[in-house]
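Chain lettering (A, B, C, D and E) follows the sequence in which the chains are written, and residue indices restart at 1 in each chain.
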Amino acid sequence: MLELRTLSKCFGGVQAVRDVSFAIEPGEIRGLIGPNGAGKSTLVNLISGLLRPTGGEIVLDGRSMTGLRADQCARNGIARTFQNLRLFSSLTVEQNIDVARQAGHDPALIDAALVEFGLTRHLARPAGALAYGDQRRLEIVRALALAPKLLMLDEPAAGMNEEETAALGQSLEWVRDAADCALLVIDHDLKFIMTLCHRIAVMDMGAVIASGDPAEIARNPEVIRAYLGDAGGDDAPQPTELVH
Amino acid sequence: QDTIKIGLGVPMTGDYAPYAEWQGARCMAEMINAEGGVNDQMIEVLVQDSGADTQTAISLAQKFLDEGAVMLGTIPFSDTMIPVAQVAQSYGVSIFQPQSTQVEMHAGIVDNFFTGVSPDPFTATAAANHALAQGVKNVVLLTSDEGGSWSAKTPLWFGDVIEAGGGKVLTKLNFSFGTSDWSPQIAEMRALGEDIDAVYISSIMPDVGVLIRQLRSAGIDAWVVGSDGFDDPSLDAIATDDASLLDRVFFATLAPSQADSAVVNFIADCAEMGIDVPGLFPATGADTVKAVAWAVEQSGSTDPETISATLRDADSIPVLTVDSISFKETRTYAQRTIPVIGFENGERVLIANEIPTNTPTDW
Amino acid sequence: MLDIRNLKVLYGPIEAVHGISLRVEEGQCVTLLGPNGAGKSSTISAICGVAKATGDITFLGQDLLGTEIEDRVRAGISVSPEGRRIFSNLSVEANLQLGAGIRTDRDGIEADIDHWFTTFPILGERRTQSAGTLSGGEQQMLAIARALMAKPKILLLDEPSLGLAPRIVGQIFDMIEQLKSEGMTILLVEQNARQALRISDYAYLLNTGTIQAEGTTATLGQNDELMAKLTGLG
Amino acid sequence: MTLARHQKRGLIGAALLSLILIAIGVLAAWFGSRYQLRLVYGAYVNLLVVLGLQVFMGNARVTNLSHSAFMGIGAYAAAICVTPAATKAISLPDAPWGLAAFTLDPLTSAIIAIVITAAIAALVGLFIVRMTAIGATIASLAVLVIIHSIFLFRTDIFKGNQAFFGIPQVFSLTSIVVLSVVVVLIARGFRESHWGIQLRASADDETGAAAMGVNVVRLRLVAWVLSGIILALAGIAYAYYLGTISARPFYFNHVFLTLAMLILGGMRTVTGAVLGTFLISFGLEVVRWLETGPVVAGVDLPEALGLSGVVLGLVIVLTMTLRPQGVMGDREIEDIILRR
Amino acid sequence: MDYAIQQMVNALSFGAEYALLALGLAIVFSVMGLVNFAHGDVIAVGGYTMVAFAAIVTANPWIVILGAIVAAALTSVLLERVAFRPVRYADPTTGLLTAFGVSIVLQNLFLLFVSPRPIAVTSLYFMDVPIEMFGVQVSSLQLLESVTTVLVIVGLTLFLNRSVWGLAMRAASLDFEMVRLMGIRANRVFALAFLISGLLAGLACIFIMARRGSVDPHLGFNPVLKAFVACVVGGFGSLPGAVLGGFLLGAVEVGMLVLLPQEYGGMKDAFVFGIIALILVWRPNGILSPAVEKGDKL
């Protein structure tokens, strides 16, 4: 469905993304991990049209998305959330969702999503007044109003404790089934990623260094070197023990 | 009716506050009232701030009319004078504007309108006649669209008269109001490579003062000639330290304003009465009051239509700024002498005060 | 060193923290734990004077409430705040220089900046880049380094591991341990309860603006039920 | 199409505002002196301007300083079309392109004026809407200066600082009240429409909005042109009532005055625009009366000329420092009356 | 040839003045995102101080000059304290409108308490002496102003990039509280910025007054209007941008004055602003602000 062909992005001297190629299948939940500054957010920015690639191609359902503006990408079914929240703080929750509503969206799905994410009672409140966690959830529901084919989530579990993270994981699976879209999830919470995703890509220095199912990734020595390290201390969860 | 009301909805604040005719009008009214008024009636000058806004000025005019004003005043801009005159028409009331030199008002758009001065072509001619008398041949004209025909056309009329008198317009240069650095224009003048006898400009202080100084320091010794915009105390002040700066400057204006002239004495008298009338333009307001008072006295009536008719038909109406004016032939503007003011040792002198006869007619 | 009694934090009419008391002794590392919205960040904000608060906050015997933010920093309090708040229009290096805004030893500052560029090499590579364009994790590193540039007496860290890759998380906790062993006093807010408890001496569990439990990490660690609640793991 | 919750509420709010506007008009017509009628008319003209300003400024949250110039374009365009050729022969003897040679009826003239203003607004807007907030503001200032210079320079068409006179005075208080009601409905309608909400969202977070499928540039342009159309209406209403116009009323003084009205009421809402306009229009009238040193409750107040200017400035400063989002803030009239 | 050089010198001197004014605006903008429309009125305060000094205290020009600079600087700091401090955290629009209000109040106070008419000040005339250099005529004033502008540019650039105070100023516009959390007395940062801006206004006032020889309530309005445009063209908030914009504007303005045929002279401002607008189309954020791609970054 989504296919990246040798996608690259340079900022001046910094090669933030280099020759990234991979594909995401419909209904898939793809994990994307990698050290800080690996280029994960940049990749999402490229796919969502916020940045223009310096090379390569983005293809969605056989149509090239390369060079489209962000709003055009969004209307073509590429939705995302942000690492630093970007809600419309003076608008109500309901209006925040309205902004994103597209002709093809399914009102019933939005209503169901509001219930799933526990936002129904906040509908008439300004988004800026919501608790941080609720704001994160609102971003996801808002993105659903675009009737996306692909939903990209940039560190959705950041700042959540394990219980909340687990609940989020379940909600995301619900989203995949109910909205029938593929998900690309970035997070540093390995347990969360490894439980949720079928396949995981690992980036480092702008390039994809490994790709595979959670078990493969957890064993990959490259990944351990670049990303996991000795993961600090003895009682920290070891990668292998995270795989279910 | 207990008082004779004159309504002035004029800018007392904002950019156009310096016109301030209300100050002179009030002072003159107090003077007349102190002498017992006119036909035992007091003159009351109704003043309210229009902030130079046309809509407000019209509303105020309406208010004064409803309060029984027999004469109105406004800012000397036709976009305000015309609609105010239109409103006043149904009341039989006229406008008396003591500073409006614009030609437009005399094209027959409204006829319940008087201006106590002559239009710009007359001042331009008076100035040009004096320039020719000084042997001026080559002139440079500075023009600007920002002050309407006053700053755009007056220099051209000046040039017409000069050329008719055998002189030559070397070039026309453009300027903006608020210019404080004339060096580009001065560079153009120097690049002409010809001797310039006079530079004509219709602009306001302080720009004019700056121009004079910068011309002099650039070594251009031409006459600097202008119109009523020169007539501000701050022009005299530029010569505080060097009286010769103003030696070759003269301008045609609304009223003789040299020492011991009627206007200067009036300003002094007002100061004694505790009323501040800061210069010629504010003082002209006295003309409005004096003319109305004279008309009431002459006709013995306070009916606005009678007052207007009396003014229109009089051979000679006494006012403050010049000896007398008349509307008999001209209908809307005053037939009167045009004073030309120059300087000697930094002091104003009245050079000429005549009714020009060779005025251009293309207006 | 830091003694807080009956602290209430107010956002307009809303009271986010309802009269908590806590102490941090010199050289200790104390952790605040608790779910989203518990009031952890609010407590940190109150200590540095950013949020409006009532109660008593004493630092080194000096009453802090009512003093300006700047004076608290000059008294030796430094913070790596929630949301990082790096100066996005300044370069990475300028951020660090500003962090040392109250210091006057030019050479020392230079040396410290170099130290941080070796600790977090990626920051060194980005030293002239404007900080706003750093990746999330890079910004987090910068915020921590910037806080330490002031050479504080007490360091307040609000979720320092947020958005960091596991390897860096490990590095950060190692660094905190290291700092502690050098005698730094630290007040730490963390979601990563296990790691935090491992390196700290004492911990408070906050929920909905009140303290639910407290104790040395040794005693807390033995309380399985509490641990389960804290970590959500069971 | 079904209406969203806020849209239904918006209908109620717009109806309430319309009622208030009609009520003020009716009260003025019944009880006001001729002088007061003129004042009220002036207030309604300014209301149109402020509403026009609100449509762009309030939704895109970019300060516009060129609005008075667009009002001027509307006024002049209508004036040139509607003024009898006989009058134009006197007033515009040198008019190019046969502008002085035809006369159109007021309605056709108004439509032409609106089309011309909209076209110029669209052209200018293409540049303005691409700039960052502050850049756009200063650029709009440049637009004001440019348009004003053209009015001044082309005396053969606009008469510059001279009066453009002889415009048929076809408007009355009734016509402008009706017009204001229509414009309030348009402004409210736009604010609550899908586009309006998207535009407001982009003002909160432009990147976020783009990622949610909002074409920010296009929406700003739409609002800018709509604003231009409303401003043209204001200009037409001005010209058709006074019968005489010039370049002067469409410059800085008017820009500041109407801006003060909008920000006092609160630029984010239509209710704020209405409230601010009437507060300042009538407030200034009180100040102007106080300036003359009236006797109030037996006390003879001193004359204090020039107060109105100071008051206007203070209103702006105090609003900005005490209530930066104006009296209404984010609330429309129905938010005060109905429960959320 | 001489003529062309002469006009280029004139353009440079126009530019120097705009640059000086633009710097005063840019420094405040870079600290608190405030578009200070009241800058022109601070200049007017300096002008009126000269009048007062010359009339009441002494005619000694140096004391008059000092008085004006001090008065402008103090006014600027005072305005920060009473009017701009409350809107410190607000968005640029709020600040802009506040400054508008302040400007209107000040202008009307001048009208009310001083006079709407120009008041002459002759004590600075001595600064304006014609000098012939290589066949080109310059005035000592043009020379002095250009030199001053250059010195100010160098000084400010060093200050803003090298000193902690300078860094703090640049940081404060985005996160004022965080600057305080660095232990830097932020109130002083703002006061300092306004002080510098006021000093620059004072300097500009000297030159404007020496040239105009008179003060009225609108003394600063027109020059500052141009300076704004200069700031936008250069890139608002960037000091080198302000300078570049100032000189560019000076060049365009003199160029238009010289090149436009007299019949079109009235369109000078329209052309000047039109050219500026075209530059902005090419570079919507100003010439000196590079087109940064932000992506999702702040």
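As a working rule, contacts are C-beta pairs under 8 Å (C-beta built on N, C-alpha and C of every residue); 3 or more make two chains touch, one makes a residue touch a chain.
Predicted, not measured: the structure shown is a model, and the values here were computed from it.
Contacts with chain A and chain C are shared by E.
The greatest centre-to-centre gap from chain D, using C-alpha centroids, is found for C.
Between D-E and A-D, more C-beta contact pairs are found at D-E.
Centroids built from CA atoms put chain B at 75 Å from chain A. Separating the centre of chain A from that of chain D, both taken as means of CA atoms, is a distance of 45 Å.
Between the Cα centres of chain B and chain D there is a gap of 35 Å. Per-chain CA centroids place chain A at a distance of 48 Å from chain E. Contact with two or more other chains is made by residues 11, 41-42, 50, 82-84, 86 of chain A.
The set of chain C residues touching two or more other chains comprises 133-134. Across the assembly, chain E contributes 108, 111-112, 266, 268-269, 294, 296, 298 as residues in contact with two or more other chains. Interfaces, counted as pairs of touching chains, are A-C, A-D, A-E, B-D, B-E, C-E, D-E.
Contacts from chain E toward chain A in the complex involve residues 293-296, 298.
Interface of chain C with chain E (complex): residues 48, 50, 68-70, 73-74, 78-79, 81, 85, 87-90, 94, 97-102, 130, 132-134, 146, 150. Residues of chain B that touch chain D in their complex: 12-15, 17, 47-49, 51-56, 58-60, 62-63, 66, 77-83, 86, 102, 104, 107-109, 145-149, 152.
Put simply, chain E touches chain C in their complex at residues 164, 167-168, 170-171, 173-175, 177-186, 292, 294, 297-298.
Of all residues in chain E, only 3, 6-7, 10, 13-14, 17, 108, 111-112, 115-120, 122, 125, 128-130, 137, 139, 142, 208, 211-214, 216, 218, 221-223, 254, 257-258, 260, 262, 265-266, 268-269 touch chain B in the complex they form.
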